[in-house]
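So the structure is just underneath, and the comments pick up after that.
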Amino acid sequence: MDLILPQIDWLPLAPILPVAIGGLAVLVGDLFFPAGRKNLNAILSLASLALSIFVSIRLWGVVRFSINDALVLDRFGLFFFLVFALVSLLTVLLSMGYLDENTPDQGEYYSLVLFSTLGMMLMASGGDLVVIFLGLETLSLALYTLSGFRRAELRSNEAALKYLLLGAFASGFFLYGIALIYGATGTTVLRRVAAFLADGKSHGPLLVIGGGLLLVGFGFKVASVPFHMWTPDVYEGAPTSVTAFMIAGTKAAAFAAFLRVFVFALPTLHIQWSAVIWVLAVLTMTLGNLVALVQNNVKRMLAYSSIAHAGYVLVAVVAGGSSGATGVLFYLVAYALMNLGAFAAIIALQGHGQELLFLGDYAGLGFRRPALAACMALFMFSLAGIPPTAGFMGKLYIFSAALEAHYTGLAVIGVLNSVVSVYFYLRLIVIMYMSEPAAERPPVPRSAPAVLAVGMSALGTLQIGLFPERLLDLARQSIAALGR
Amino acid sequence: MIWLIPLSPLVGSLVVGLMGRRMRRSWVAVVACGAASLALLFSLGCFARLISLPAEGRLFRQSLGPWIASGNFSVAFGVLFDPLSAIMALVVSGVGLLIHVYSIGYMAEDRDYHRFFSLLNLFLAEMLVLVLADNYLLLFVGWEGVGLCSYLLIGFWFERPAAASAGTKAFLVNRIGDAAVVVGLIWMIQLFGSLDYQIVFREAPAALSHGSVAATILSLLLFAGATGKSAQLPLYVWLPDAMEGPTPVSALIHAATMVTAGVYLVARSAPLFQLAPVSLEIVAWIGGLTALYAASIALVQTDIKRVIAYSTISQLGYMFLGLGVGAYAAGIFHLMTHAFFKALLFLAAGSVIHALHGEQDLRNMGALRKSLGVTAASFLVGALANAGIVPFAGFWSKDEILFATYASGHRLLWGLGALTAAGTGFYMFRLYFLAFEGKSRLDPRLSSHLHEAPWSMRLPLVLLALGSATVGFFGVPPDSGPFHRFLGPVFPAAAHEGGSAAPASGIVLALAALVMALVGIVIAFRYYLQEPGRPETMAAQYPTLYRALLYKYWVDELYEKAVVRPISSAAGALSTSFDANMIDGSVNGIASLVGRAGGVLRRLQTGHVPTYVLSILVGVVVLLGYLVFVG
Amino acid sequence: MEWLVFAPLAAVALATAVSVIVLRNPMYCALSLVGTFFALSGLFLLLQAQFIAVVQVIIYAGAIMVLFLFVIMLLDVGHEPPAWLRRDRPKLVLGMVLIGLLLLELAVAIGSRVSQGIQGPYTSEVVNAIGNTQLIGRLLFTDFLIPFEITSIILLVAIVGAMVLAKR
Amino acid sequence: MTGAVPLNAYLILSAALFVIGVIGVLIRRNALIIFMAIELMLNAVNLTFVAFSRFLASMDGQIIVLFVMAVAAAEVALGLAIIIALYRNKESIDVDEINLLRG
Amino acid sequence: MSQTSGPILSLLILLPLLGAILLALVEGARESLIKRLALAISGLDFLLSVIVYARFDPAVAGMQFVERAPWISSIGSSYLLGVDGISLPLLLLTTFLSPVAILASFSGIGGRVKGFMICMLLLQSGMIGVFLALDLVLFYVFWEGMLIPMYFLIGVWGGPRRVYATLKFVLYTMAGSVLMLLAMIALAFLHRGATGRLTFDLLELIGGPIPYQAQLWLFAAFALAFAIKVPMFPFHTWLPDAHVEAPTAGSVLLAGVLLKMGTYGFLRFALPLFPRAAAAFSPLISVLAVVGILYGALVSMAQDDLKRLVAYSSVSHLGFVMLGIFAMNLQAVEGSILQMVNHGLSTGALFLLVGMIYERRHTRMIGEFGGLSRVLPRFALCFLVVTMSSIGLPGLNGFVGEFLILAGTFRVHKGFAVLAAIGIILAAVYMLRMWQRVMWGEIRRPENLGLGDLGRREMAILVPIILLILWIGLSPNHLLRRMDASVSQLLGQIAGAPRAQRSVPPRSSGFLVPSSGLETSLTLSSTRNPGEIVLGLFYSEPGTRN
C-alpha cells in the first residue's frame, strides 16, 4: 500500500488562497491588534482581497483544472472571483462604517466575511458538485454566523435561526439532488457528468429529479419564489452590512454555480428546466415587486427587491444561450454594485447607534446630505432600471436575451414588473427629497470608508450604465469559457 | 401702394397701443386719425388709378411675398384692388375716418383712450386686409382679425359684466361660422389646390359642375361664415348684445363695416355661388326672413341702440336677399348706402347717449330736437334713408334689391321685403318720434343742462347725413348708374338675369315699396305722436305677440337651453364623472389593485418557519411533479 | 440472506425516525435519533462501507447527539402540544398531502430508474483487496484533497461561528 | 427472502427516511427537534450515497458521506449556538413564537 | 457640407450636462450666481442651436451634422446623433424654451435653487438628446433618463399634491415606454433575422422587411409609449395632475417640449419603421385624436383651475397634431410639426403667464380673479396675444399649423377634419370664457386691486415668445422650407414600403373603416389569434383587399 501524493496544480487555487489566508490571518491578527486599532482587521481583509483581485486579473485567460477537476480555473470563474472580491471589498468598506470601534469580535467578523467570500469562490469555480456543495456550506455557515452577529439582539438571533433552519433544510434537498445525480451518472464531477450525457444516453427520471433538487437548492440561495421566504426576514434581521453582503454576494455565487451546473454539466436538461424556471422567474419577479410595494422598512424593501431582481436574472437564465448567460453575469455585477451602493449609503447616512431603517427616517435627507442622497437616488434609479444607470443596461441586456430566445411573454411580464418596482424605489426618493423631516437630527460624523464605498458603487453604476460594452465583453468571454 | 392702405392703420395701432400710455391724448387722436386718413388717402389714390384703367381691366394686384407654402399649396400676402375691393376700401376707410374723428369727442372722458384708438386702428387695418386680400386665406386673416377687434371693442368696458359677456358671445357665435369657413377653405384647397380668388374662380366651373352637391355645400359653408359675421339667422344673436360696446364701435363695426364682411364674402364668391342655385336660393331666403324677423323685433325694443342694431340685421338681410337673387351689385350698393345711413344713425344715437350721460332707454327721452338740433336733423336724414324714402340713399338701393327679387320671380320674397319696408318705416320713425319729438320724459336733472356734442362729433354727423342723402344717386338710374357700371365687370354675367323685367313694372314696384314705408311712418306718427297711449293698448290686445317681439322670440333663451347649457353640463359631466372617475379612476384603480395585491401577498410572509417550510415544500413538490410527470 | 439483515435494520430506522418526529419529549426524540443512526450504521456495514459505518457511530451518535442532549438539558425546553391539535391544521393537512406527493415522486423516480451510471473500478473485490479504510484515506488525500481541505475550513468557520454566537 | 437486497430497496428506504425528516421539519415547533429532523434528512441522503457507491462500484459516494458528516457536525454546532443565543434573549425555542420578523 | 462642422450636436447635449456638474460645485447659498450661470449655459446652448439652424441645409432630406461612435457594439447600438427637418424645429423649440423657463424660475422657486437649476439643465440635456438620437437604444436612454430631472422638478418644487403627481407622471410614462423598449429590441432581432446584422441604427432599420403581423405588435408598443407621452385620449389623465403640481418652469417644459416627444416619436420612429402597421392603425389613432380634440376642449370648459384648463387644452391641441401626423401627407405632417412648435410656444407662454399671476396671488382658481385687465395692462396684452395664438387666430402661429393640419387631413378623412374644426370652436369657448372670467369683469377681490404689472424680467421672458408667435404666424415658411425635404422623404418611406397602399376610405363614408374592410377582417379572423381579432376590428389588412 503506497500513497503517492499527487502533483498539485496550485494555479486554480491562486486567487482563492489570498482570501483563505487572509481569513486566517485576520483571525490570528485580531488577537494582537490593540483595542483601539481594530480597523486593522478590515485593512488586512482589504489587502487580501486586493491581492486576490490582482491575481485574478493576472490569471485572466489561463485555463486549468485541479486534481480530479475539483476546481476549474477559467474566465468564468475568474469573472466571478473578481465580482466576489469586489463585493467583499465594498462590504468590508461599508462594514468599517457599520461596526464601530467598540464592536466586539471584529476579527471574527472580517474573517467570516473572507471565508464566505471563499465559499462563493468555490461555488463559482467548483468543477465537482461536492466542491460546490462544500463551498455553499462554507458560505452558508459563515453567513448564518454573520446574520446572528449581533447576538444580543433578538432580531439578529431570529434571522440567524431562520436562516439556519431553512438553509439546512434546503441544503438537504440540494444534497439529495447531488446523490441522485451521482446515482444516475456515477460521478459528481461536472465534466464527467457532461461527458456522460454527451454520449447521447437518455437521462432517466433520476437525473431529472436530481437536477430538480439542485434547482431547489439554488432557488433557495438566489431567493426565488417559492423558496424565498427566508429572505426578507433574514435580510431585515441581519446586521445591515451583512445584509448588503448577502444580497450582493450570495446571489451571484448561487447563479455562478447554477450556470456551471446547468449550462456546463446538464445542458441537455435545458428543455425541462427552462419551463420550470420560466414559472419561477415570473413568480419571483412579481411577488418580489408586489410585496416590496408595501414595505416600510428599507432593508426589508431591498430584500424584496432582491427577490425581484433574482427574478430578472432568472429571465436571462431561461433565455439561455450565450446572450442569456452573458446577461446573467452582467446583471449580477450591476445588481451587486447598486445594492452595495444603496446599503453603503444607508450606513453612511446613519448616525452612530441609530440606523435609518424606516422610510420615514429618510425624510429631508435629500438636501441635508446632498451628495450621499444623490448617490442613494442614483442607486434607486438604477434598481428601478431607469437609464443611464447600470440597472437599465442590465435589464436591457436581459430582456433582449429573452426576446432573442423568443420568450416574449416573459420579457413583457418582466418589464411590467420593472414598472411596478419604480414605485417603491421612487418612494424612497420621494421621502428623501419631497417630505420634511419630523425633527432635525444632529449632524453625525461621516464614515469615510462607507462614503468611499458609496462613491465607488456610484461611479461603477454610472460607468456601467453609460459604457457597458467593456463589461459585456468580459462577460461574454467568460461565458465562452463555460461553453467549452 | 395697396399694401399701404391696411398698413398705415396697423402702424397707427401699434404706435398708439404700445406707446399710447405715455402719449398725450391729443397726440393719440392725431396719430389714430392720421393713420385712418392715410388709409383713406391711399384708397383714393388706388381708386384713382383704378378708374384710369379701361373698364374691363380694372384690377391690380400686389404681393408682399409668400406666406404659407406647403407641398402643392401656397398662399401669399397678396392684395387685389378691383372695383369691389375699391368700393369696400373706400367705404371702410371713409366711414372709418369719420368715426375716428367722432370718437375724439365721444371717448374724450374715457380713461382707456389710447386702447380705444389702438383697437379702432387695428380694426381698420384688419378690415382693409379683409377687403383687399387676393385670396381666401388672407381674407380669413382679416375676417378673424376684425372679429378679434369687435370682441375687444364690445368688451371695451370690460368691467361691465354685460359688456364682457357680450364680447365673448360675439366671438363665440362668430366662431361657429368661422369654423364653417375654415372647412370651406380646406375643401377648396383640395378641390382647386389654391385659395387664390383668380385660380379658384377659374377652376371652379371645371371642378364643380353647375348645381352639384359639392358646389352647394361649399358655397353654403362660406355662407355659414357670412351668417355669423353679418348676423343673419340663425347666428344673429350676438349683434344686439354687441351694443354694449361704445357707440362709435357700434357705428363702425356693427353697422357700417364689419358686419358687411359676410355680404362681401358672398359677393366676392359670386362665381362659386353661381354654380350653386340652391345655395343662392337659401341665401335669398335667409336674407329675406332675417330682414322681416329683425324688423319685427325692432318694432318694440326700447333701447335706442338695440333698435338700430335690429335694423342693421334687417338691412343686412336685404343685402343677402339681393345677393341671393343674383343682384350682387345691388347688394353691394345697399351695403354702401347702408354704411352711410347706419353709421349716421348710430353716431346720432351716440350723440344722444353722450348728451344724456349714458341713458339709452327710449322711454326716458323725448323732445330732444329742441336741445340737440344737429343730431335730430341728421338722425332724421338717416331714418329717412333707412326707411327707404325717396330720394335718400336707402331708397335707391333697397328698391333695386326688391325689384331684382321680384324680377327674378321670387314674389313671396318680394312680399317679405315690402312688408319689412313697412316695418322699417314704422320702427325708424317710432324711434325718431320717441327720442326727438313729443313730450320730454327726461330725468329733470339731465334736461337742465342738455347741450349739443362738440364739433368733432357734429362734423361726422353732418358729413354722413350729406352722404346718406346723396350717395344713392350713384345708383341712378337703377342697374345702369355709375355705381353699377363700375362694379358690374366684377360679377359673373349670369348675375344679371333679374334685369329682364320691364322698367315700367320697376316704377310700380318702387312705388309700392315706398308706399309701404310711408304707411309705416304714418302709423308710427299716429301711435307715438298723436295717440301716445295706443301702443300700450295694442300690446295689451295682443299680449303673446307683443311679448314674443319684446323678448325677441326667446331665441337667446332657446339657444341657452338647447346649445349652451347642454354643452356646459356635458363638459361638467365629462370632467367630473367620466374623466376623473372613469378614466383616471381606472388608472388609479390599476395602481391600487397592484398595491392591494402586494398587501395580500405580504400576509403570506407570516414570520413562522413552518410556513416557510411549507412554501419550500410546495415548490419542491410542484417542481418535481412537473419534472417527473410532465417534463 | 441480506434481506434478513436489511429488513430489521430498515424497520428500526423507520420506526426510530418516526419516533423522532412524533415524540413530545425532546429527550426521547434525541434518543430515537440515536437509534436511527445505529440502524443506518448497520445498513452501511451491509453495504460494505465499514469505515463510514464506524464514523457514523462515532460522529453522529457520539459527537452530534451529545451536543443535542447537552443543549436539551441546558435549555430545559418543555413538551410541545401534538401537531394535530394546533390551530394551523389546514396547513398541516396541506403539508401532509404535499409530502405524500413528494414521496410518490421520489418513488416514481427511483422505481423507473434504469441504472446507467458509469461503473467505477472499486468493486467489492478491489475494495476488499486494498481495504475500505485505506482506500478512503488514499482517495481523501489524492482525488478529494481539495474538498477535504475545504472541509477543514468549514469546521473552522463553524467553530468561529459557534464561539461568536454562543458567547455571552 | 432470498438473494441480495436490490439498490432500490435502499433508495426507497432512504427516500422514506428523507420524507420523514421533511415531515418533522414541517410539523415540529421545537427548533431543536426541527434540527434533528434535518439531521435525519442528511442521514437519509448519506444512505443513498453509500448505496449508490456500492452499486456503482465507486468510492466517491462514501467519501462524500464523510464530507457530509463534517458539514452536518458543523451545522449542528452552529445551530445549537444560535439556539442558545436565541434562548438567552427569548427564553423559548418554539418557532411559532419566533416571528418578530415578518410581513 | 455641414457634416464637417465638428461635434456640434454632442456639444448641444453636453453643454447643459457639464453646466449641471459645474453648478453642483458652486456653493448652494450663492443663488444669484447659480441662476445667472444656469441662464448663461442654457442661453449658450440656444446660440449653438441657432448655429445649427443657420447651417442647416434645407435641400438635404436626410440627417445632417451626423455623429457616430461605437457604443454598445455587442448589441449593435451606437452613439448616433443627427438632425433633420423634423427634429430641427423641435430642437430649436427646446433650446429656446429652456432658457426662458430658467429665467422664469428666477423667482417663485422657494429655495433649493441650486438643485432646481441642476435639474433644469439636466432636463435640457435629456430633451435635446431625445430629439437628436438616431439610435433606438440611445433614444430610449434619453427618453427615460429625462424622466429623472422632471421627476424631481415636479416632486420637489411642485404644489401640494406634487408627490402623487410626479409618481403618476413617472409611472405612467414608464409603463408605456417599457413595452416600447421591448419592441425596439424585437425589431432589432427581426431585422437581424432578415439581414444578418444586429443594429439599432434607425436609418438602417427603416425600410427593413418586417412582417406585417410583427409590425402590428411592434407599432402598438411604440404607439402606446408615444400616446401616453403625447398624451392622447384616453391616456391623458397624468397630464393635468402633473401640470397643476409642477412649478412654472416644469409646466412650461412639460407642455412645451415633453409632450412633443410623443408626437415626434410617432414621426421619427413609429411611422417610418412600421409603415404598414401605421396605415392599419391610422383610423383608430385618428379617431382617438379627434376624440381627444373634442374631449380635451369640453373638459377644459369645466375646469376651475387655470393650469388644469391649459393642461386639458393641450390634450385638445395635441389631438390636432396627431390627426395631422396620421393623415400622412405633406401638408398635414408639416402642419403637425409646426403645430408642435406652436403649441410649445403658446402653451408654454400660457403656463408662464399663469405662473406669473400665481406668484402674485398664490392661487390659480379662476374664480379668484376677474377684472385683471384693469390692474395688469401689460399682462393683459401678453395674455391676449398668447390666448389668441392658442385658439388659432390667423396671423399668429397657431392658425398656420392648425390650418395645414386640417387641409391635409381633409384630403384623407373629410369627416375627421370637420369634427376637428368643431374643436376650433370649442377652443375659443374655453379660452374666451376663461379670459372673460379672469381678465374682464369687475375686480371683486380686494387682493387683486394691488397687483403689480409685469416687471422687466417678466417682459423679457414673454416678449421673445410673443415675437416668435408673430413671426411664425406671419412667416412660417422659414420653418416649413426646412421641413420639406425631410418630410417628403419620410412620407416616401411610409408610402414606399411594400404593399403599403393605405386603405383610404371611399370619399362618401369619411369615417373609420369602410364596411368592406370590417367584413374582410372578420372573415379572416377565424385564422388569427384573439389579439389579432381585436385589432382586426379597427383596420383591414391592406394587402388582403385586392
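Observations on the structure shown:
Each chain gets a letter, A, B, C, D and E, in the order it is written, and its residues are counted from 1.
The working rule: a residue touches a chain if its C-beta (ideal position, glycine included) is under 8 Å from a C-beta of that chain, and two chains touch if they have at least 3 such contacts.
Since this is a predicted model, take the numbers as computed values, not measurements.
With contact taken as defined at the outset, subunit A and subunit B are each touched by C, D, E. Taken together, subunit B and subunit E share the touching chains A.
Chain centres were defined as the mean of their Cα atoms; on that basis the chain farthest from subunit D turns out to be B. The interface with the largest number of contacting C-beta pairs joins chains C-D.
For subunit C, the chain with the farthest CA centroid is B. Of all chains displayed, E has the C-alpha centre closest to the centre of the whole protein C-alpha set. For this pair, subunit A with subunit D, the centres built from the Cα atoms lie 26 Å apart. If you average the CA atoms of subunit B and of subunit D, the two centres end up 97 Å from each other.
Subunit E has its Cα centroid 64 Å from the Cα centroid of subunit D.
Averaged C-alpha coordinates put the centre of subunit A at 43 Å from the centre of subunit E. The multi-chain contact residues of subunit E, meaning those touching 2 or more other chains, are 171.
With touch defined as above, residues shared between interfaces to two or more other chains in subunit A number as follows: 130, 134, 137, 141, 144-145, 148, 151, 160, 162, 165, 169, 180, 182-183, 186-187, 205, 208-209, 232-233, 295, 423. Multi-chain contact residues of subunit B (touching two or more other chains): 591, 602, 605, 607, 609-611, 613-614, 617-618, 620, 624, 628. Contacting chain pairs in the structure are A-B, A-C, A-D, A-E, B-C, B-D, B-E, C-D.
Touching subunit A in their complex are the following residues of subunit E: 28, 70-75, 112, 115, 137, 140-142, 144-145, 147-148, 151-152, 155-156, 162-163, 166-167, 170-171, 174-175, 178-179, 181-182, 185-186, 188-189.
Interface of subunit B with subunit D (complex): residues 602-603, 605-610, 613-614, 617. Here subunit A touches subunit C in the complex through residues 1, 3-6, 8, 13, 20, 27, 66-68, 70-71, 105, 108-109, 111-112, 115, 118, 122, 128, 130-131, 134-135, 137-138, 141-142, 144-145, 148-149, 151, 160, 180, 182-187, 192, 196, 201, 204-206, 208-209, going by the rule given at the top.
Those residues of subunit B that touch subunit A in the complex are listed here as 591, 594-595, 597-599, 601-602, 604-605, 607, 609, 611-613, 615-616, 618-620, 623-624, 626-628, 631. Those residues of subunit D that touch subunit B in the complex are listed here as 22, 25-27, 29, 34, 95-96, 98-103.
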